[in-house]
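Below: one structure, written as structure tokens.
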């Protein structure tokens, strides 16, 4: 059962900078480092809607990644600034999907696109419905 | 243009053990750590067919990941031994795809499934056709 | 041969936030993650003095870590904001040492102290004297 | 109060292989990756003495790193095999110290030396004395 999403409210842009240790011997950002970028962007998406994800984690409410997709379009390099566009793309009873586009600040080159599907689980890893408090947040836009 | 693949020859199983630092505060393996497991498995897949990938990298022949998919089925934990089944799944003019299944040794639980599409690129990142030397290797089974 | 250092000019404070993937199953930041924090702080220390370290790296001027020391005083946790105090602590012909103190923003708790000694090396890893351009930067304070 | 150590019993050698993602844009192993190598070696040191560290962690017995020192002697590279020599170097009431030497297999080059001091802590991070079960293990050599 899909919940409706307001595309304008559901989108944030999170800026970060490539760290030296995120590169590999090809001289570019290692493809695995992007997984961390998506994670940082999700946490900031929530913070912009008034939620410290850490407070959920402390109460045993986790959003576990169950699916991950990444398409690499152009190499990112050390010290690049990256804008991670993150948007709530799908909202079901027990899972949500975030979609991402990573663009290099400056030249606007599309570096990568991706998606993560997340499931609500408790401390034991048992699947939970999206609880009301979480639902409130998902429907929110960035706080002004 | 697809090249034919002999499924029996194209498959290897690489065993590894979860490291402490690969876990996160949920007490399980962080979803990003699996990207490294796939990479280790690809490198060993080549080694079993007589190729040290490092020797290609030194000559400027890289197999860059252009697509990554991971589906997480059950959490892996610190010190788990994991069998990574890795198989050449598709072979085109300039890209190949490896498919993966990760199973916990002992109970045989399926932990994750995934795929990576790789493109042959040179030191500048320019796309190359799969060169003959590489093609020879891709058609090979594990050395006896 | 030690070069004199102006302690007031030589110090910067770089703020960062703990990422989810930097934690481990003990529920705290993994001790290895601090190595990255020191690196981020060094790169920002240079940027505040007008230098993009990436431009040096592209020209084959590297500051390779030759010694690393870290003392862990209190656990950092996911989403903590950390102020990394970084100061040029010693300046010799071919090596420099940065000293670090990491404090949690908010309660000011000392999380860790550390030091890294760095050697100037070229692309082949051969030791170089601190070149004049680098020396200029090391003597500078933060740009106003 | 120092406990006596039998140097011959206290030493193990753990072999591992450098992973691609452990390198950086200098083309060598990133200095932070060595922290993981020491950790892997400690876990194997315990396993060779009959202990799965994971079983301690599950019961809330942790050996937290409180001090870390690394001296980098020569660069390690992708796919290098490394022998990590790990020895119990000091044993006090509530802390122990492991000493490490990392040598490249093949040419025997010393890549790095290091030490970690570890404190016994419970799930809350409170300091504990080395418990008897742990003490038994520390006094043991490798199982035959």
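First chain written, first letter: the chains are A, B, C and D, and each begins at residue 1.
The rule we apply is simple: a residue touches a chain if its C-beta (ideal position, glycine included) is under 8 Å from a C-beta of that chain, and two chains touch if they have at least 3 such contacts.
Quick caveat: nothing in here was measured; it's all calculated off a predicted structure.
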Separation of chain C from chain A in steps, with touching chains one step apart: 1
A student comparing B-C to B-D should find more C-beta pairs in contact for B-D
The chain whose C-alpha centroid lies farthest from that of chain C is chain B
Chain centres from averaged Cα atoms put chain A and chain B apart, in whole Å, by 25
Separation of chain B from chain C, taking each centre as the mean of its C-alpha atoms, in whole Å: 35
Taking each chain's centre as its mean C-alpha position, how far apart are chain B and chain D in Å? 28
Of all the residues in chain D, which ones touch at least 2 other chains? 20-21, 25, 28, 32, 35-36, 39, 57, 78
Just say which it is for the chain contacts: an open line, a closed ring, a star, complete, or other. complete
In their complex, what parts of chain D are in touch with chain A? 20-21, 23-25, 27-28, 30, 32, 78
In the complex, go through chain A and note every residue touching chain B. 25-26, 28, 31-32, 35-36, 39, 57, 62, 64-72, 75, 125
In the complex with chain A, residue positions of chain C that touch it: 19-21, 35-36, 39-40, 43, 52-54, 57, 77-79
